[in-house]
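We call the chains A, B, C, D and E, going by the order they appear; numbering starts again at 1 in every chain.
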Amino acid sequence: MNTPELQPQTSAMSMYRAIVGIGAMCALVIVVVFQSTAARIRDNQERFLAAAISEVLPVTEETIAVDVGENGQLEKTSASLPLPVFLAYGSNGDLVGAVLTAEGMGYQDNIRVLYAYSFEKQAIVGFKILDSKETPGLGDRVEIEPHFIANFEALDARLNSSGDALNNAIVTVKQGEKTDPWQIDGITGATITSEALGNILNDSANGWLPILERDAISIDREATP
Amino acid sequence: MNDASHWSIFLNAALVNNFVLAYFLGICPFFGVSSKLETAVRMGGAVSFVMLVASVCAFLINLLLDAVNAPFLRIISYILVISSTVQLVEMLMKKLSPTTFRAMGIYLPLITTNCAILGLALFQTNRGYSFTQSVVYSLGAGIGFALALVLMAGVREKLELNEVPDLVKGTVAALVVAGILSMGFMGFAGLGR
Amino acid sequence: MSKLSQYLEIGSSPHVSSGASVDVIMRNVFVALLPVCAFSIYAFGIAAALVLATATLTCVVTEHVICRLNNKPTTIGDWSVAITGLLYGLTLPPDLPLWMVAIGAIFAVAVGKALFGGLGCNAFNPALVGRAFLQAAFPQAMTHWSLPLAADRFTDIPGSVLAFPFAEPAYDAVTAATPLARMKFEAIQAENSELLWGMTSGSAGETCAALIFIGGVYLVARNMMNWRIPVSIMLTVALITWIFMQIDPTVYPRPSFMLFSGGLMLGAVFMATDMVASPITNAGCWLYGFLIGGLVVVIRFWGGMPEGVMYAILLANAVSPHIDSLIQPRVFGTGKGAG
Amino acid sequence: MASKEVTSTDEFVKGLWRDNPVFVQVLGMCPALAVSNTAMNALAMGLATTFVLLMSGLSVSLLRGFIPREARIVCYICIIATFVTSVDYLIMALSLELHRALGAFIALIVVNCLILGRAEAFASKNKPGRALLDGLGMGVGFTVALLFIGVVREILGSGSIFGFAVFPDSFQTWTVMVLPSGGFFAMALWLLIVNRIKKKEAETEKAEATA
Amino acid sequence: MLNLARKDSFANGIHPPEMKDETSHLAIRRFPFAPLLIVPLSQHLGKPASSVVRAGQEVSRGQVIAEADGFMSVAMHAPASGIVKKIALAPGIGGNMIESVYIEPHPASSQEVEGGEACDVESATADEIIAAIQSAGIVGLGGAAFPTHVKLKPPEGKTLDTLIINGVECEPYLTTDHRVMLEQTADIFNGIRYLLKATGAGESIIAIEANKSDAAKKLQDECPADLPVSIRVCPVKYPQGAEKMVIQSLLHREIPSGGLPADVGAICVNVATTAEIGRLLPRGHGIQERVITIGGPGIKRKGNYRIPIGTTVRFALDEAGAAKDIARVFLGGPMMGPSVSNLDIPITKGTSGITAFTQAQIDEATGHKHIYPCIHCARCVEACPLFLNPSQLGILAKNEEYDRMVGEFHLMDCFECGACSYVCPSHIPLVQYFRLSKKMVRKLSAAK
């Protein structure tokens, strides 16, 4: 391209024709593919999320996505948020809990988790890592180590008396030194990842649980956002 | 949105998740121009510069794409806009600062279609970095790339004079050095939390 | 006319030599390591002895086999591979499964040394390449430490050591934390006396700072080591630590703790001083030491891992060609002093 | 480029061994190293790349009279990017899990120098049929190379092949193999073996020539 | 380089065993005439002298047999009275053939020397002294054999302030300068007078290493009061005898790379050369003999001998009694002396000694030891007096990277002192590499 004088000059017309033509064709192909796959993809994503939700909160029959509206009140939403929050309802239509996504910096990169909160137990009752690039064999043991996963069978997340924050901050302790129900029993050798998870949960729970406890029960499930 | 601090973004991009040694991005120029220190330094500078340009471009394009709700055009517009911007910068540089152009100009066209550049643009979008975060990220990634390239060049220049077995000479030796460097960079894991 | 009729040999001057020889130097380094090994066996028992023996033997055998495969005379006679093996063994947890020890040793010699062309050509310290490989390959096993001076150390071999090849080790010994891990995660600093006399857990050869120091002094006295490298590493670490201790003594440890804990002594005295992978000029050695010291502090203070000596040295090995090209001796009659 | 006598089979086979894109031409290293931590990922990446190679080769070859020299690179990139975007969506439609595993590297197929290289060096000068064969050969060669690397990394790094365990449960996995450094080492190992075989081949050829 | 400024020595360097005690106490003895003397016409750096005799001609001891051909050349004198047998090529030290005058001394050739035109130090001008030195055939007797008169004329625009008389003699085994200082003290001071006048230098320093304290004392005691001369004793270190090193040691002045001592206002003359100037010039004689040390474990009657130029090494060894098992003979000391393959080469003005080793010494030293790869131990870097990087140079030489050796690593500054090879634990023949590389560099640049 730098030595046009060496080659027969192509007319500007044919250049435009080629670029516009190819651009149009490409656009066509992309749009066709996008259109034809969009439904499948949305379907896939929903199934994936549904599967994950039923994994962390197996009693769930139905969920609705919620967000904090402009008035500071919890309301139903249809927009797909980067970190969606769901209210989960059981087979008889009762509110059984909430499923929240949270994200934070781990050992190497962002970790994204899904966890379930039970209104009844006032505790975190389910937990799943959605996305992590933690060191395989060390950090990623948080996904498989049984004693670590056991933390989330009932991790105390009670609110304080004024209901605006957690009564006890969720903290990660050294493996085998868990004494209180709000503590996470860490993994030796994966201390940083376990601590990071503790922080992610604590931050997310501190922000969301007061709102959920306040508004979840009164939310209008049938509302069209 | 992403609330990571600038310092941690920088360290992460430069050392912890070095583009070459942890993400394998930009391997072709990494092996291609790391046999001589001088070219490595220039290439490192050129890549850092293009990353900065690409980061800014990608941020703006993404704003536009979000506005018209056309995420499917992301890849194609990133690559086209970045390569034409670099071309533009190259022409400007040729006019304004011929010395800089001579120093790194010849590398610019090679870099535009490099996975490190596109990777940077895609990663910053995926992580939802703000404008300043994107710029810091691109600076970190560029410096990290240059660092890896320069370290590699030093070792390869040394190996050049050693009695490296014939079968190993060249790419195999470069791969092994990269592997060892990659293990070395694991030491930085956890920095900048 | 002359009685002199025999053949005369032609040789290039000089016709005399200092008598120094690579194998002599290497043998001395080996000897300097022996007290450290002896202590290691004393502190960790049969397990450490097995680990050290396996490491050294595997390294030597690997080098021998590679030489034979390449139809070259074996180079195990220069003792350098024995040092690599012993040093490598000393950096491992004393209850590491022997099959892992062997794999790391093969990697150290084959990839860290032979691949680059053998003695004199390795860009990185082979022992550390092997260790880094193991650290990356078996992170759990490599961060499992047994207690020093356990009562049954001479009568009982930990089950993990004799784990079946390729099988996951089952640990039966009591797990301990290294002083650095305790510092990092619990903010507990070990006493100097514990650190100096090796009453802590850690890699087989890193615990007894005093014996390592003596080995280093022996080598320096015999002019077989550049003292500037360990000194500059230790000075840098001590200085930076001291500065941060002044800022916040509750977060940052005291300099002596940093110096005597973990692999710093072993690394500074025996690993960083590997002549092949370190700079050649004295000024370059100072710079190299500063770099290692700085990296060690950065990784230990702010990194994810409690210990960073190995990584610091590997990275500095990669920088050392640059130091060499940056800092050359000022040739007589050039530059400032001339004329 | 291709001489007259070259048969269609040759066009296909050369990508497998003689001009293997990864082991001989050392092209497309980024994906070869980044997404070869399991055999499955390697296979998927290889197939996706093959798909893009085929489609872009076909398009470029068909349009070779239409694209002016001066604008060819822009056009090629445009075409390649189109197919990469398509493949991205197709995989997402196929399996989200797979898409997650391949991550950003699907998008990065667009800058795989192998594809642009084949478009420029081969497809733009040859008939569609040949271009397809060439693309298929290169694609399969690329996929096979990725599989080789992927298999080694998965066996040692996870103790399985395509997710099926090949070792008893007690197997201790070699984490390093799924880490970046393991990618470099596995690739180096295969390159060493390939170099060795090539050298042997050259030696026997030489011996035959002198005999 | 702090230590440079303080001590009376240069930086780096080595301490090889001195081995001087066997001969340093032995007075200089005269050597008999050999049945055939071979006087090469090129015993110095520069142009060969042009012969003025014919085959068959009678010559008398001290007679000029060849005249200087230009300024970079010196005259030759007959070492003995006798008949010129022929003028033909004779083997030199490197195996090269050199035009030489073969003289067969008369059986009872006397020690008498035919006189020439005397040069009086009081009346002669500087130029006259320089001319007299040239026609006396005087060259550097320390080993380099550089024509002395050329040195004395500083290049345009340079002035010389200090004359250094080099009595360092740092090579092991050699004791000739030591003996000359003890036995020709007066000649030395006389020579200094000539040299001071010729160069215009204001002061002179005699440099001596600490292992020759008796010589230093004798010089100190007999030093004429009117002569601006001081005697300085330096610590023993090899290669202090090199011009650059001795000037650094005494004056702390660094000769620029590729430069001359004159660039720092100094001139350095070997002590034996000075003694010869002081001895020969007043009588108008030329050099026909010189003092050499014949030593080393392979010699039975070790000693310092005044030997006629042109005596073959074979004759010298026979006379001094070579052991049966000598294995290597070299001219000069063991650090820089080239080894000889042919014993029928003549001793020239530049030969400061003959050292003979038996197999035992060779085995013990460089011999047939295994050559290891360079382990970058930096001992050579610490030994090199010129602060070169022999380790890197050696690696580059192996890779034939001559441009880098010259451009980045100053190969051409190396004067082959051998310190690097001496200390190398890998037994790499570094000096040999450098010698060959320099040759290649010259060849390549000539080809250009």
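Following the convention adopted for this analysis, a contact is a pair of C-beta atoms (placed from the backbone, for glycine too) under 8 Å apart; a residue touches a chain by one contact, two chains touch by 3 or more.
For clarity, every value in this text was computed on a predicted model and none was experimentally measured.
Looking at subunit B and subunit E, the chains in contact with each of them are C. Common neighbours of subunit C and subunit D under the contact definition above: A, B.
Of all the chains, the one whose CA centre sits at the greatest distance from that of subunit E is A. Closest to the protein's overall CA centre, chain by chain, comes C. When the C-beta contacts at C-E and at A-D are tallied, the pair with the greater total is C-E.
Subunit B and subunit D have Cα centroids lying 22 Å from one another. Here the spacing of subunit A and subunit C, counted between their Cα centres, is 45 Å.
Subunit B and subunit C, compared by their mean Cα positions, are separated by 33 Å.
Subunit A and subunit E have CA centres that are 86 Å apart. Multi-chain contact residues of subunit C (touching two or more other chains): 111, 117-118, 120-121, 133, 136, 138-139, 304. Multi-chain contact residues, meaning those touching two or more other chains, occur in subunit A at positions 26, 30, 34, 107, 135, 137-138, 192.
Shown for subunit D are the residues that touch two or more other chains, namely 74, 78, 81-82, 85, 89, 175-176, 179, 181-182, 185. The set of touching chain pairs reads A-B, A-C, A-D, B-C, B-D, B-E, C-D, C-E, using the touch definition from the header.
Touching subunit E in their complex are the following residues of subunit C: 1-4, 6, 8-25, 78, 80, 117-121, 226, 275-276, 278, 280-282, 324, 328-334, 337-339. Against subunit A, the residues of subunit B that register as touching in their complex are 1-2, 4, 8, 12, 16-17, 72-73, 76, 127-128, 189-190, 193. Interface residues of subunit D, counted against subunit C in their complex, comprise 167-168, 170-172, 174-177, 179, 181-182, 185. Per the touch definition, subunit A reaches subunit D in the complex via residues 1, 4, 7, 10, 14-15, 18-19, 21-23, 25-26, 29-30, 33-34, 37-38, 40-41, 44-45, 48, 131, 135-138. Within the complex formed with subunit D, the residues of subunit B that make contact are 21-28, 31, 72-76, 79-80, 83, 113-115, 117-119, 122-123, 126, 166-168, 171-172, 175-176, 178-180, 182-183, 186.
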